[in-house]
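In what comes next, chain A is part of two complexes: it sits with chain B in the first one and with chain C in the second one.
== the complex of A and B ==
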């Protein structure tokens, strides 16, 4: 602990004085932290706010919830307000119902007497609390569990197929010498320059002709072959020594076994990187699923989120809550797979 | 059995021919060493035998069977690579068993062979480690073990000792020799190190620029080099080569020396540094000024330069009192003189029957 403190308070200036670079470092790092984490944290905090609080100005940082108290003679707990009387005294009253600009209220201590209060003279009593309904309602009533499942299915399937097909292409392009290999590679890389919006219409025609419109496979299949993936894996596989493959050939391994038992395990770091990319891409995909999917049962999360943004009314509390839900898997993928990015195991048996 | 025969093997990469027609027969149980300077095609030749590359023309036979068109696995050979090429993601045991499992060998037979190889190479305690956790010498043993468990018709070793430090190389060299004595399997060993070749080989194949220069036992190679290249390549320090012109069956060397030569014309006289001895005073001798003294303790290597600028090297036993700048007078052992004609080919001295 004391060492951690010593590390944090270490300065470049002599004798514990502040050098100007110390100041710049702290400002830079703190500013960066706020810039990076601020929006995400605010999103999480706001996702627990009710619709009324979200519409408030100035906005509050933490989510608050109005306190409700049980009152004798009423089935449900009633919301509590702090009412300022005409004489300047304040007391806490529960609201029974609102009529115009007035509210019929009751003192929880004496449930018998009803009071008529101007709504301008009262202020809701709040405490820090979570509007969990933001999460519960979309997930339970609005099919979001279904959307979540669709998204998971699309992401996992597309990523697995991406890894398989791209690694096979990369293996051939990096380890076999054949006529036109470089031309094929160039062609694949060249498709990087074609944006989705250009091929949207022809792609839709193909998907339509194959009867995949409105199915999850229609979302998955057009995306699995990515030039980025082929290029990334090929560059990595070039670093796997040919002698390993030749040793395997002497060891009676078929070309398929060489791919499956030698090249794939050694390309694991690159595969992990591509897996991370693929998961993030497929999970965050919006435009293509929006075009292909029109039945509500086939929506992915991103398309489902879009249903909360109507022409007249945007249900921010649901959008924010479901945005947090959509963020979780991406964060988890990074947490668990990031160590693969930095470790390289190929070449270890060589020299 | 492992008899390997090459017939007129040629290999082209694009327009350049790397191997220009090699004929060679390796007998069963023989340890043959391919030696030559880098780029001479020795590794290419080994890869052709292994089946990793296909010859452009010519045939390869193993035990009389034409294997030219067969794949590497079907030839029944095992190879030890220069970089060892151990599979880094597998344990030593898996490295050894990978090739056997691919042939659908019974489990207990695989275990038996791995145990036998591990005992022979003393790598039993390492079986569950990965190649990264091994030292260079241990990796070398594992790589050899991977070849042994296959029980191949012949072993092909591509500069297996070149990645080891000098001390370990000497130990492993001795172990390789013992291993060959025990296994009595045909081995083809590629190296650029002539000491390795001389100590290991039953027969040495000297290669230069894709051609075989000479095939002979180590001592034959040393005693009767077939041409100037072999003469200069084999033996350390390098042979002294002196240009001369023969007239009337004798070639005159500087200092009044007279060497009998079978044919007249321009020729080269080769004398190994070990066969130059200090001359008697007054007798005809090669004279030079000492330029460098390399004292090795048991022997001393003296470098000298004759007045006409020819470099001479000699080895004298023990420690020499000579210093740079002093004059050295040398005379060759008359029975240890090599004569080469204008084309660099050996001319046999009719007088010296050996």
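== the complex of A and C ==
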């Protein structure tokens, strides 16, 4: 027995013995994994459950759906129940309709005879199954397809504008010497200190004055001139040797061509990092869209979700499914591009 | 680090390439007329224009709004009242009891935010430091575990709020765990204390991965030979931690602390979705107060909201200056 235990706990290094810190490490890491992924997995599992199953307590781990069987003489398949008879025997019956505390049921094998059953004496017959309707209905019947499109539009447009304007500014700030350059840099440092939550009222008034309230452009424009982006790109462009630019000037390249054909392609790694950050930022934006957008057609996914989740009678089966949809792009970034973000944070401390 | 995103990138880029070609001739003409300085202006213009309109103008306007009264957002319909909005915010019978203040909601929100920040930042820094220390050990699957703790950082605050609302609800996962442990289930978000604790826990859950990464980068920058020398001298691990790890991680810890403070003061999104500030006003924080006074409540008062946001902004400016000083000191140390 003690031999087996020794084998199980044997590890390399440290003379093959477990130190208490190793135990703490693995408890922390495995506990952390459950705590970090668990809630999101629980959300995904719940999102495939029908409304009746969501109202159950205790909840099941996996989504189940009630089996429905076709019965001769009925157009739609009927839900199947397991009925316990007065003598203790059980049989499977399909429900035709429910009347008060009784249900009119039928044996699928002999569709001719109808039986009257107390609903306390029956249990639904279920199998693991997905309530895909949770996903289809909000997208088709409610406005979530619209919200999804709005979010995609905001994210893509804002990211493109961010990349263009930030890289242009970064190019001027890293490759030109001109009067007032330091002042411009200082201005950009200063704007780092101005979080959105501090200028909500006047920003709304500016957006109102430019006629952008209730439009997606009102969401996009105030967010695109990110000082972090300018910083990140400028630091990277400083590493591009000036000789390359001089050589191009010798060949009569215009300054715009130098920016577009030489500096931008060379700054691709930094642009990729900024693009990934920008996509996550803009997709996740909530407070500003919440303020600017008041017409339902203009809602982004985040605002739409909040609105539906704030109703008195929350339709959780739809909300959960749409939360999963909202999570998808970010999970994709996590799976495929996570290392760009982690190097960005570890290297430059941006978020 | 260089990676191309083929396919999609090309499709998006095609119209941009055309655009870039189209703007070249006029810009070439401008370059001849205005020289290189003129070109610098052209490159800076789009970004600075957007900065100016959507950051600098609002900054100046904020002062104007905070000194005027009225329910409308248009400046024309507002009257100058001097420092009355500030006076209204700061007037209190007894500064230790929010209910005696004229603007009791502001003081409730301020007190809540203060307690929240104290507990949240302490927990955040502690948890992130422990996690970073553990991830810095030689363990199998380190990359995987680093990613695990980072996962919630990417989730949108709305998603975070809804995930936890679903777990903490009456028939949720937490109550399932409580019942299976033989404890009584609880409607967590209807209880003032639990709801407050939930906002702390959820925001730590959502953001700790970010701070862990910064601290981990700091730990990995500590030279390995220091540890090897300590090991050869037979220094006990606790002493190694106190004498080597902690002092060398110090600047990173300070930056993380200030960053967490700055973000903690502004907490809004996930709390708004999770509790909506309730039950009652138990999780009402400053940003939500500003949002509700300025935009959401029936009796809108943009002037009051602007004054409150300026007061919050002052706190943030102080914290940001601390951060800049700390990171500059860190940079100076790295350069040596």
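By definition in this document, the second predicted complex is superposed on the first by the 288 of 351 C-alpha atoms of A that agree within 3 Å, B and C clash if a C-alpha of one lies under 4 Å from a C-alpha of the other, contacts with A are read in each partner's own complex, and residues count from 1 in each chain.
Note that in this section contacts are C-beta pairs under 8 Å (C-beta built on N, C-alpha and C of every residue); 3 or more make two chains touch, one makes a residue touch a chain.
All figures in this text were calculated on a predicted structure; none of them were measured in a lab.
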| said: Let me test your reading of the model: by the given contact rule, A:244 touches which partner, first (chain B), second (chain C), both or neither? | reply: first
| chain A: partner with more touched residues, chain B or chain C | C
| message | Contact-wise, after the overlay, does A:28 reach chain B, chain C, both or neither (first, second, both, neither)? | response | second
| So, A:80: does it touch chain B (first), chain C (second), both, or neither? | neither
| task | Figure out whether A:225 sits in contact with chain B (first) or chain C (second), or with both, or with neither. | result | second
| message | Which partner chains sit in contact with A:216 here, chain B, chain C, both or neither? Use first/second/both/neither. | response | neither
| request: Considering only the touch criterion stated at the top, classify A:257 as touching first (chain B), second (chain C), both, or neither. | output: both
| task | Considering only touches as defined above, state whether A:306 meets chain B (first), chain C (second), both or neither. | result | second
| request: Would you sort A:94 into first (chain B), second (chain C), both or neither based on which partner it touches? | output: neither
| Common interface residues of chain A with chain B and chain C? | 254, 257, 268, 345-347, 349, 351
| query | Which bits of chain C are touching chain A when the two form their complex? | reply | 1-5, 12, 16, 20, 23-24, 27-28, 31, 36-37, 39-40, 43-44, 46-48, 50-51, 53-62, 64-65, 73-75, 130-131, 134, 137-139, 145-152, 154-159, 162-167, 170-173, 175-176, 179-180, 205, 209-210, 213-214, 216-217, 237, 255, 259, 262, 266, 268-269, 272-273, 276, 287, 290-291, 294-295, 302, 305-306, 309-310, 312-313, 316-317, 320, 324, 327
| Mind pulling up the chain B residues that touch chain A in the complex? | 50, 52, 71-73, 77-79, 81-89, 98-99, 102-103, 130-132, 139, 146, 150, 163
| Residue ranges of chain A in contact with chain C within the complex | 13, 21, 24-25, 28-29, 32-33, 35-37, 39-40, 42-43, 46, 54-59, 156, 160, 164-166, 168-169, 171-173, 176, 178-179, 181, 184, 187-189, 191-195, 197-208, 210, 221-222, 224-225, 230, 254-257, 259-260, 268-269, 272-273, 280, 283-284, 286-287, 290-291, 302, 305-306, 309-310, 316, 319-320, 323, 326-327, 330-331, 333-334, 338, 340-343, 345-347, 349, 351
| task | In the complex, go through chain A and note every residue touching chain B. | result | 241, 243-244, 246-254, 257, 261-262, 265-266, 268, 345-351
